[in-house]
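Each of the next two complexes has chain A plus one more chain, namely chain B in the first and chain C in the second.
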Partner chain A sequence: MGPKRHTDIFWRVEKQRETQALEGVERGDDCSEIGTVTLISGGQMHQLNLIGGMIWNLCDGQHSIEEISSELALEFEADSEELIDDVRGFVSDLQARGWIDDE
Partner chain B sequence: MMNDLLSAPLTLNWTLSFRCNFSCSHCWSRDEAAPELDLKQLRAIVDVLAAHRIPFINFGGGEPLIREELLELCSYAVSRGLRVSMNSNGWHLDRTMARRIRQAGFSSVGISIDSPDSGVHDRFRSMPGSFERASNALGHLRDAGIKRTMSSVICTINHQELHGLIALARTYEVSALYLHNFKCSGEGMKNRAELDLSAEQWRSFYQHAIAIRQDLKGLNLTFDDPVIASLPGYAEQGMVKGSSCGKLSLHLRPNGDLTPCGFIPLVIGNILEEDFSRLWHDSPILNQMRNKVPTGQCASCASYEDCLGGCSARAFAESGDFNSPDPHCWK
Partner chain C sequence: MSNPQVDTPLRVHWFIPPAAVALSPEKLRLIATRLVSGGVFELLLDGYPLAHDALGDVLSILRPAGIRITLVSGASSSETAGASRLDAPIPLLLDLNRLVTAQAPNLSLSAKALEAHRSLGLDPGLVLCLLRPWLPLLRPLLSWALEQQVPLFKLPNIPLDARFRHDFEQQICRASDLGQLRSELDSEFVRSIADLKMQIHDLFLWELLSGQPDNRMEYSGCQAANTLAYIDAQGNVHPCASWPLSFGSLLQQSLPELWSSALREQCRQYIAQPPKGCHGCADWGICFGGCRGLSQLHTSQSGRDLWCDAPR
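So, the complex of A and B:
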């Protein structure tokens, strides 16, 4: 079991922006300000960038923190060990917002 | 804040019918007419919304409960993963209907009450007994365990009655009191001289409402009006700057025609006949609204970057130009 999104939170991938961000990453641009996932919680809209959105997408209860880190490492050609702390911190933030079930 | 256009709106405000059993003084749709779609076509629209991941439907009108298909349509939309709400005048909402609404899966229901004074409300809605029926509807919704809200169109009959409206909302334990800003469309345009506030009165009203809201507990006091952004010290950020129409929401007429909002009678296309994504991204009307150019007093106003000229519907209703300043602006 891993972190799992609350089912009452609506979210969707913003396809055009995701494509834009992926193309930007390919070019080496800073795409951290591009919101690729939209969430609605408590009547408020929130946006996650490409990496945040990928983590969110993997918070399906089936992926552990280590597995999420590995997936990201594969996508961005990075060392998964170096990503674990960042992923854990991000998931903790999601939990603090009440968007993720406590493990 | 978002840095670009969303892939689709978040909310579709859906007018199933222009028919209504009331004849309200501010109504935007009294003189509107359009053929109504059958249930198969309505379901097809829900399929379009689900395919584009548009999560929220809010049925309005016209009176939505006039359409017999409403509850079945709601159930279908819920089965496709959508969240459905409606705004009603409450006349047809008795105890049995409240139970059926709950079974259909509505996430919340809003009831329009414009004054804590029953006589004032009844005259404004041109319907004797409408205050009592609306109040009873809120009670039935509460008893059925349905999340409910109360809506009031702010105008000359009630802009000094905020405390009374809040007290009424508390009586029925509503989750939110929506203070809708008056729109000069339809009957609202005809009765504007009698009903609309002056710009200075709007400023006073919002300052008062903001002050009250700061200390309000257990009730969400909501007023979605882009002109508020120009109030000094107003730091609250909406989901987008300026009007949300065409950026976060669209309006659907009874025949499937899409407009930016109910108050702007410009059709961008038909949801059953044209590709939704293309309409959303390429509509010249929507893109004009999303890329307004300051004119008149807006051209030299320091608040423009926050309010983006205020309500586009009001500007368009008065001048025929989205870029004109919002007539409610006090600056």
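So, the complex of A and C:
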């Protein structure tokens, strides 16, 4: 069992913007302000950037924090051990917002 | 992210006219299918959807996709019959512009309409396009809605469709009307309706009715042609209900195609630029020019929201 998105939240991937962000990352651009996942919680709209959106996508209850970190490491050619704290921190923030069910 | 950009609109307002002049069932189904594939979150089916035989088909396409649907009804006999045929409750709004004429307010008619729909297991809210003739009715209507414990009182943006085209110049509210409203809706009254759930599109009206103007929810400016879209009776897609500009037809193109068009991009670029009438305003960072669609109707406002009397 891993972190799982709250079922009440409407969300979707912004595919064109995700492609734009991935191409930007490839070029070495700062793409942290490009929203690639849009969600609505409590009547308010929010967006997550590329990395946040990828983590969100993997919060399906099937991936542990370690597995999410490994997936990101693979995508961005980074060391998964170095990513674990960031992923854990981001998931804690999602939990604090009530967007992720408590484990 | 303060000004989210999206691939396709999230909230769509679709006007379905009376059945006699509406698109064919096949075309309505095509639009519904394109809304689903476009990833729309919320859909307001405005006009006369309940009077249309194809509604069941349209809903059977939209509902499995999880789109949050709200229906509007004028509570005519054919619409009430349509409501009775719904196989599951759907949020419903009774159209006060059709139920309460400004010349002869008849709240008993609205009460009957509420009762008729409640007996069908529905819990209708109310929707009112706040045109000038309805201004004197706003206070009694809000009080009445509170008494009736309706789940929602919606004050949407003003659609520029055929319903309101007649005499529109005289009907649309201006800053002077807001001043008048301000004197009628004093803070004591606003406190008295605090338990009434309201959804208010216009920022200036929201300031007046929310009772907490300093506690504005996060707002990043006009969402026309971004998270908002309007589909007219013929299936043409507009930036929002208040903006008379068509990006093309949903019968010819998909939502992602329409949202990728140069015209849509130009529209967003226009919105991003402060209107001439807002230059120097201290509140630009709060309202971002307000309603940019309606503001184009009057050059005297230099692009400012029609409710706004002057830069602050």
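What we mean here is this: the second predicted complex is superposed on the first by the 103 of 103 C-alpha atoms of A that agree within 3 Å, B and C clash if a C-alpha of one lies under 4 Å from a C-alpha of the other, contacts with A are read in each partner's own complex, and residues count from 1 in each chain.
Please note the rule applied: a contact is a pair of C-beta atoms (placed from the backbone, for glycine too) under 8 Å apart; a residue touches a chain by one contact, two chains touch by 3 or more.
All figures in this text were calculated on a predicted structure; none of them were measured in a lab.
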| item | value |
| --- | --- |
| Which superposed partner A:38 touches (first chain B, second chain C, both, neither) | both |
| Chain B versus chain C as contact partner of A:10, first or second or both or neither | both |
| First (chain B), second (chain C), both or neither touched by A:47 | both |
| Chain A residues contacted in one complex by chain B, in the other by chain C | 10, 12, 14-17, 33-35, 38, 40, 44-45, 47 |
| Chain C contact footprint on chain A (complex, rising order) | 10, 12, 14-17, 33-35, 38, 40, 44-47, 49 |
| Residues of chain C that touch chain A when the two form their complex | 1, 4-7, 10, 39, 41, 66, 68, 217-218, 227, 256, 260 |
| Contact set on chain A toward chain B in their complex | 10, 12-17, 20, 33-35, 38, 40, 43-45, 47 |
| Of all residues in chain B, those that touch chain A in their complex | 2-7, 10, 53, 55-56, 83, 220, 239, 248 |
